[in-house]
Structures are given as C-alpha cells and as structure tokens.
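The structures come next, written out as structure tokens.
First chain A sits with chain B, and in the next complex the same chain sits with chain C.
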Partner chain A sequence: MSASNGKPWIELDGVDLARGGRPVLRGVSATLSGRAIGLVGANGAGKSTLIGALLGVLRAQRGRIRVMGLELPQHALEVRTRAGVMAEQAGIFPGGSGVDAVAYAGQLNGLPRREALRRAHRALDALGVGEERYRATDGYSTGMRQRCKLAMSLCHDPEVLILDEPTVGLDPAGRIQLLTLIRGLAEEGRRILLSTHVLHDAEFLCDEMLLLESGTVAYAGPVATLVDPGAGSMIAEGEGLDLAVVESLLAAGLDARLEEARTRTGSVTATRLRFLSHGDTDLTRFWAVVARHGAEVRRLRRDSVSLEDAVLTVMDGARERSRGGRS
Partner chain B sequence: MLHPDPATQAVTGGSAGIGRLDAIRIASAGFWGPVTAARALRRLLVLASGFLALIVVLSVLNILSRGELRDLRELTVVPGIPLAAALLSEMALRDGITQRTLLYALLGPAPRTVLAGTRTVLTAVLLAVGSATLLTVFHLLLRASFASWAQDMLAAAVGSLAYVALFGVLHLLTKRGLIASLALFATFDWAIGMLPFSIRLLSPSYHLRVLGKAPHAFPIPVFTEAAKSNPFLATVVLVLVAAIAIYMTGRLFARKNLPELC
Partner chain C sequence: MSELAMHPVPGARQVVAAITRRELVLASKRKLVRLLFLFSTLPPILLTIILLVRNLAEQATGAHLPWDPLLQFLQFQSLPVGLLVLGIGTPLVARDRAEDVLFLYATRPVLPWYYALGRMLAVALPAGGLLLAPGVLIAILRVGITADLGVGEALELIGKLTVVSVLTAWGLAGVSVGASAGTRRARWAMLLALLCFAVPDLIAKSISHRDPWPLGPGSAVSEMIASAFSRGDHGLIAAVVLLAYGCAGFWIITMRVRGEMTP
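Entry: the complex of A and B
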C-alpha cells in the first residue's frame, strides 16, 4: 500500500472549480494524511465536486491536486485504478442480482469476468451479505443497497476508498453497522475519504477532517485539534487552588493561570485553574504540586468542545471571513 | 474483513495505466451490462421480431408485392438506417450520462477516448445487426443474389457506423441531440443527397443510397451530368465519416466536464 501512514495522500493547492459558470470550489488548499478523512459540509458546499476533482472526472480551472502523490489530471487513470468509489449518485446496476452488480463493478476496474465474480463473492462475504446477494437489487432495502455499493467499490481491492454519503437513508443501527464495517476497512490499512454532512459519522470514523463552507476550506486538520482548541488545555476545579499553586506549577514548568467561573449574570461562582498538559509527565507534575499544597481537586477535565460546537464555530468563522472578503 | 488479494493486485494495482485491449474490454463490459439488463431492449427485440414476422406473413400471403418489398428494402437503407441511428446513438454516451449508468465506467481505469470509441462502435454494431437482419429477410423473400446481399450487409455495417458516430457527436454537443440529428439529416444530408447535382457527393446519405442500391433523386431537370459515387467510393466516404466522427467524439468526451455525474 503506497498511501502510507503519516504521508499526505490528498494535497490541494488553491483549487478553483466552476460548474456551469458558477464557482463551486474557491481557492481550496489542504494537505491531509489521515487514515480516514471526513469531508464535511452542508449540501451544496462542494463535497461531491471535490470528489469529482480528486478522481479527475471534473477538472479544476486553477490550482494543483495530488492524490496518493499523483498529479491530477495527468494521472487520473492511475488514481482511479487505485481507488474504490462509492458514489451517492450512482444507483446499483439495474436488473441484476447483488453479486452481478459487484462483479460488474470489478469488470469495469479491469478484472476478467471470472476473477471479478470470485472477488465479488469475497467482498460480499466480508460485508456480511449472505444469500441476499442472489436476489435482484431492485428489491433491496436501503441498508442492503448501501452494502452492495460498498462491495462494488471494494471489489478490485483498492488502496483508497472514496465514500460519498454512504450512510444516507440508513436507520441508526444500520448506520453504525456500516460505519463499523468501514472502520474495519480503514484498520486494514486502506485510506478512506468519507464525504458526509452527518457529523456523528465523521466523528465515529475519521481522524482528520476537511470542512467545506460554500466552496472554501473552513478547517483542514486533525479532529482532535478541532475539538480541543486549547491544544492540551486542562481545567481543574476544587478547594485550595490558589495563586501559590499557580506559582508552583509555573516553577515546575507548567503554563498555568487562575480563572473565575461566572454565572450568566456575571457573578463569580468559583475559581478554577487552567494549565497546559502535553502528556502524562505534565499531569504527574500537576498532581505532585497539588499534593504538596494540600489542595483538593474535585473535577479535572480537558478543555474540549463537542464536535458539533467546534464545527459550527469554524463554519461561522469561515462565513464571516467570506463576507468580509466580499465587502 | 477483506484482505488485499495478490491476484487482484497483479491486475489492477500500481500500474500507471492499462493496455488498450484491456481498456476496450472494460469499455465493452460497461456498455453491455446496462444494455442487456434493460427491459426496454427486450421489448424492442420482441417488437422487431414481430415486425419481421409480419413482413414474412404479408409476403407469403402475397399482400406485399415484390415491388413493395423492393421499396421497403430501399427504405430500410435510407432513411431507415439514419433515422434509427438518430434514435440509437443516444445509447452510446448521452443515455449513460443522463441516467448515470456511465458513472462506474468513468470512475474506472479505461480512458475516456476508449470508452467513447468503444461505446460508439458497439452501438453501431447493434444497429448494423438489426438492419442487416431486416435486409436479409428482404433478400430471402426477393430471392436476390448473394453479391447483392453482401453489398447490403456492407451498407448496413458502414452506414450504421457512420451515422451512429456522426449523430453521437451531436448528442455530445447538445442535450437535444435527437432533434439536432433529425434536423441535420432532413435539412442537409438527405435534402442535398437527393439533389441531382454534384454537391450530393458531400452527403453521406447519397453514398449510403448508392451502396444500398437506392439511387433516387428529386425529379429536377438538369442539363449537365452530376458526379456519381460508386460502391467503393461510397464505402470509403462512409468509413471516413465514421473515423472522423469517432475521433471527434473521443476528443470531445475526453475534454467534457460532466456535472451530471458528480
């Protein structure tokens, strides 16, 4: 597998892409190396267009695109050979059975008919599709259709999976089931790009995220950084956490300060201590200082926000920047 | 879980591209899959078989005279083949774009030029088989010579190829490809081809009529002899029209942004 750990496998540099004269992607730049990358944005944000560009189906008017280190559109065919795509818009091949559909996808990726059929059964086995594979796809439930489409994208053993809204139309149980299967594929070493507007899906699966807002990048980077804007900031609450403790923490090399927790009306309810911890060593130092001062910590938590709040914040920021840029 | 399969990796993994024959094989699979599964095609086959049976029955019962059979044979060549090509050429690429069945083929490793060329040729093969079958039935009923039958088979083959390719270009240039094809055929191709002037050499339908032994013209009095085509020249012209049109289809399709598909 050449899309190795830590190495960027999606590189975008100032990508502009217009469709029907309307700009859809505007100056999109990002370098992503995650095992599973969430491509998140509202409907019309440009997710499907970006996927089209990453596969060389759509051509950018400006900018550079590299996937798995391969320049597009020059190496579009090689990228497509090495990628499996579960496209939201594509239906399952009509008129045939599930195994026919998966074998058909295999043939379209260069496998001889017999080999495609063997691989189709293998992919369907892996995704837990049993005897249903012999039924006509017209009668499939949404969950079965999505599994079948996932098998179609997997049939030729791709290094990279590009999944466009794979959980659309699924109930919560079906969604978790499919995401768990996809997570298993990522754990095998495949790189995954998951396009979705469901944040829970991205949170469940992805370690990096590319947030698109009206065709521009609102955020690109690790999910952990997105939900932990304080980058290791910890908040301690309790008794005896005073200036003496802060001074000792500073002397121990920890960046610390006191804060006041306030109600909505502004009255101070408690004093809390904020410090930066970059790992277990810093935490050990913190607890040693607390013990030396005889302070009592009732609550210690990471200063993180929910993914939804974090995404809303960066989206708002992107919208503001966009408005500022226009005016 | 699914683990990488060495056999598959050998076929698809890591290659900068695939061989042209492999690409043609992939493009053919992409074409035949949806076509053979389509219920519309099965209905069309039933209708065509019924039509053939009707001609045979009417001929055996002497309701259709030999003269009428000859006229029907000529009409099958022109305007039959061009009109059927206008309808069928949509199958090559436009249908796949609007119905999104082309998406999987486009996301595969076969180059667009090969996809376009192969699908155009295969669509022409469908039309050629259909028209050749009909012409063969007429020849059997008319008890015509083998040489005449062979020339008609050639007309069916090159005529289908030329017109499917030509109208395929129009389907790529405009979403109203059917109207554009019919307009081109009626106002330019057929009308010019029917003129008793040398300009008719510019009309593919004139060459197809020469090859299909249906050399009618508008009854306009002329004072000079107009240049004529012959079966060899007609074949060369129609093959040339097909080659140029397939080349253009490939070029256009390779450069086309396809918003319908993403």
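Entry: the complex of A and C
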C-alpha cells in the first residue's frame, strides 16, 4: 500500500479548473497525508469538481495534481484502478441483483469474472448484506443502496477510497453503522477521502481536513490544529491556582499565566490558569507543581473549539478574504 | 480484505468484454428478447425442413428441383434480427443515462470508447451470430446431406455470409445503440431508431424513384444480401452505408458518454 506511512497522497499545486467557462477551482494548493481526509464545503464550493480532477475525469487548466504519487491526468487509469469511488449522484449499475452489480464493478476494475464474484460476496459479507444481495437493486432501501454502493467501491480492494456523501439519506443508526464500517476500513490501512456536508461525520472519521470556499482552499491540515487553535493550550480551574503556582510552572519550563474567566456581560467569575502542554511529560510536571503548592484543580480541559465552530470561523474568514480580494 | 494485492490497469479488451458480457446476460433475462430470439430461430428451422423435403422429393422422383431458398431465407431472417437489435439496443445507453450511472464508469478504468464498443458488441454479437450461424449450418447440411453444394462453393458462401453478417450487425447496432444515446428514455430511442430506418429511404426515393440508393439501414441490409447472391445493383453502396451507420453510432455514443462521464 504505497499510499500509507504518512506520505502525502493528495498533492495539489495551484490548481485552476473551469467548467462551462465558469471558474470552479481557483489556485487550489494542498498537501495531504492523513489516513482519512474530510473534504468539506458548501454546495458549489467545488468538492465534486475536485473529486473529478483527482480521478483525472476533469482536467485542470493550470496547476499540478498528484494522487498516490501519480501525476494526473497522465496516470488517470492507474489512479482509478487503485481507487474505489462511492459517488453520491451515481446509483448502482442497473438491471441486476446487488451481487451482480458489485461483481460487475470488480470486473470493470480488471478482476476476472469468478474472482470478481468471490470478492463481491466477501465485500457484501463485510458490510452485513445478507440474502438481499440476490434481490434486484430497484427495490433496495436507502441503507441497502448505500451499502451496495460501498461494496461496489470496495470489491477490487482499493488502496484509496473516495466517498461522496456516503451517509446521505440514512437514519442515525444506519449512519453510525456505516461510519463505523468506514472507520474500520481506514484502520485496515486504506486512505479515505470523505466529501461531506455533515461535520459530525468528518469529526468521527477524519484526521485531516480540506475546507473549500468558493473554489479556494480555506483550510488544509490536521483536524487537531483546526479545533485546537491554542496549539496545546490547557486551562485549569480550581482553588489555590495563584501567582506562586504560575512562577513554579515557569520555573519548571511550562509557559503559564493567570487569566480571568468572564461571563458574556463581562463580569469576572473566576481566575483560571492557562498553560501550554505538549504531551504527558508537561502534564506530569503541571500536576507535580500543583501538588507541591497544595492547590486544588476542579477542572482541567484543552482550550479547543467544536469542529463546527472551527469550520464556520475558517469559512467566514475565507469569505471575508475573498470579498476583500474582489473589492 | 487486505489479502488483495495491487492489480495492473485492465486492458481495453478485458473491460469491453466485461461490459458486453453483462449486457448479454441481462438481455437474455428479458422476456421480449427471449421471444425475439426464438422468433429469429424459426427461419433457419423452416429452411432446413424445406431443404430436406426437397432432397427427399428429388430422391423419390429423380427430378432436379433447382429452387434455392437461401436468398429469401437471409432476407427474411434479417427481419427478426432487426427486431432483436432494436429490442436489445435501444434501452442500453438511455437506461444508464436515466439512472445516472455513467459517472460510475468514469470512476473506473473505463474510457468512453470502451463503453461505446462494449455496448455495440452486446448488440452486434447476437445479431451477427443469428445471421451467420444458420447460414453456416445450412452450408454444411448442403455439403454433407443434400450434397447439392461442393466444398469450395460452401466456403465461398460462408465467406459471403460472414461479410454480410458483420456489416449488418455493425450497422444495425450503430442505429439502435446510437439512438439510445440520443435520449434518456428507451421508448424515445426506439422511435428514433425507427425514424433512422424510414427517413433515409424516403429521402432516397424522393431523389430517385426508379433506382433509389439503399440509404436506410433496412434497405441496405436487403440490398447487400441480394448483392452477395448477384441479385443487387448497389451492394458496395449498401456496405458503405452500413459501415457508416455503425461508425456514426459508435461516435455518437462515445461523444455523449464523454460529456456525461463527469461528476
């Protein structure tokens, strides 16, 4: 699996792509190496177009695209052979049963007929599709259709999975079930690109994010950095967290300071201590200092924001920059 | 699932064969296609019976009966084959367009022309087979049982039948599958294909009443069969017309699919 080991598997460098004369992607640059990458953006932000470009179906007018180290569009067929795609708008190959459709997908990816059928059964088994696989796909429920589509993308055992809104139309239980299955696939070593509107899905699965806003990159990088703008900043609240503790923490090599926690109206409610922690060693040192001073920590938390808030903030910023750039 | 190693990019032949095979299997499950297939096996059975009866009559009476029904057979056989081609071909691309699955092909190592050729062959192979196989069987029968044909003549007959079958199958497949690429509904595709059969001949007749060129696919097939047995005047034109229909159909499908193989 050449796409693993933390090497970048999606590399975009100044990609411009117009469709029907309208620019859709504008100067998109990003280098992504995450196990599961969330591709997030509003409708019309360019997510589907980017997926098309990553498969070599759509050609960029300018810039450079590499997937799994393969240059596009020159190596489009190789990328498509090594990738499995679950497309939102496209259904299941019509006219036959579920297992027929999955086996056919495998054959199109170069598997011999019998091998494709064997792997189709195995993929459907793994996704929990029972006897329904022998029924005509016309009568499938949304959940069954999504599973069948996922099996179609998995049949040839791809290194990379590109999933476009895989949980659309599913009930909460079905959504969690499918996401858990996908997370299992990522844990097996596959790289996943998840295009979604649902940030909870991205939060559940992804360790990196590519946020698109009107065809430009609003953010590309780890989810942890997105939700933790303080980069390791910790906040402790409790009794006895005073200047003496701060001085001891500074002496122990930890960047620490006191600050006031305020309500929305601005009145001070408590004093809290903020310090930077880059791992367990820093936390151990913090607890040692606290114990030495006899302070009592009631609450210790990372100074992070929810993914939803972080994404909205980043998107708003990108929108403002875009407006500023245009004016 | 990780036992699976990377596999190489599949070749055009492998992908085209997969597309053709699937469509043939799906078509064989349709009642209309089964009925048309049965219908198209009637003429060769009838011809075999006629030839055997003629042979018995010649043996019983000692008289030579010169009537050779092979030309009539082939011309009659082209009718059920034409219907079969319309039955199999007209839903093919229209259905994929209606169900938005063309992008599914684009996400796999399938080029637009692989798709077009796979679809055309799914129609052309049974059509060609139904024209060629009975003719070959009859040639063998006439050499081996009725003995009214020499081996050389039989080989010549098979050669002619092969050319006729290939061109007919390619041309008719171009008309039916090409029409299918023009719309998202199989019924409209059928209507479009029927117009392709009728309109060119009407134009040809309006240009020349006495000796119209075989511009429609139906008249081209008929003319080519007649020419193969030295009974037609425009055999070459008919062959070119059928080749052109096949190539035009292939081109239309490829262009249409290329435009829609995008997210």
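We adopt the following convention: the second predicted complex is superposed on the first by the 327 of 327 C-alpha atoms of A that agree within 3 Å, B and C clash if a C-alpha of one lies under 4 Å from a C-alpha of the other, contacts with A are read in each partner's own complex, and residues count from 1 in each chain.
Here is the rule we go by: a residue touches a chain if its C-beta (ideal position, glycine included) is under 8 Å from a C-beta of that chain, and two chains touch if they have at least 3 such contacts.
Just so it is clear, the model here is predicted, and its values are computed rather than measured.
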item: Touched partner set for A:Gly20, first chain B, second chain C, both or neither; value: first
item: Touched partner set for A:Asn43, first chain B, second chain C, both or neither; value: neither
item: Partner chain(s) touched by A:Arg59 [first = chain B, second = chain C, both, neither]; value: first
item: Partner chain(s) touched by A:Arg82 [first = chain B, second = chain C, both, neither]; value: both
item: Chain B and chain C footprints on chain A, overlapping residues; value: 48-49, 51-52, 55, 57-58, 77-78, 80-83, 85, 87, 89-91, 93-96, 104-105, 107-111, 113, 119, 122-123, 126, 152, 154, 156-157, 159, 185, 188
item: Contact set on chain C toward chain A in their complex; value: 1-4, 6-10, 14-15, 18-19, 21-22, 25-26, 95-96, 99-111, 261-263
item: Chain C-touching residues of chain A, taken from the complex the two chains share; value: 48-49, 51-52, 55, 57-58, 77-78, 80-83, 85, 87, 89-96, 100, 104-105, 107-111, 113, 119, 122-123, 126, 152, 154, 156-157, 159, 162, 164, 185, 188-189
item: Chain A residues touching chain B - in the complex, by the definition given at the top; value: 1-2, 19-20, 48-49, 51-52, 55, 57-59, 75, 77-78, 80-83, 85, 87, 89-91, 93-96, 104-105, 107-113, 115, 119, 122-123, 126, 152, 154, 156-157, 159, 184-185, 187-188
item: Chain A-facing residues of chain B, complex; value: 1-5, 7-9, 11-18, 22, 26, 29-30, 33-34, 37-39, 100-101, 103-111, 257-259, 261-262
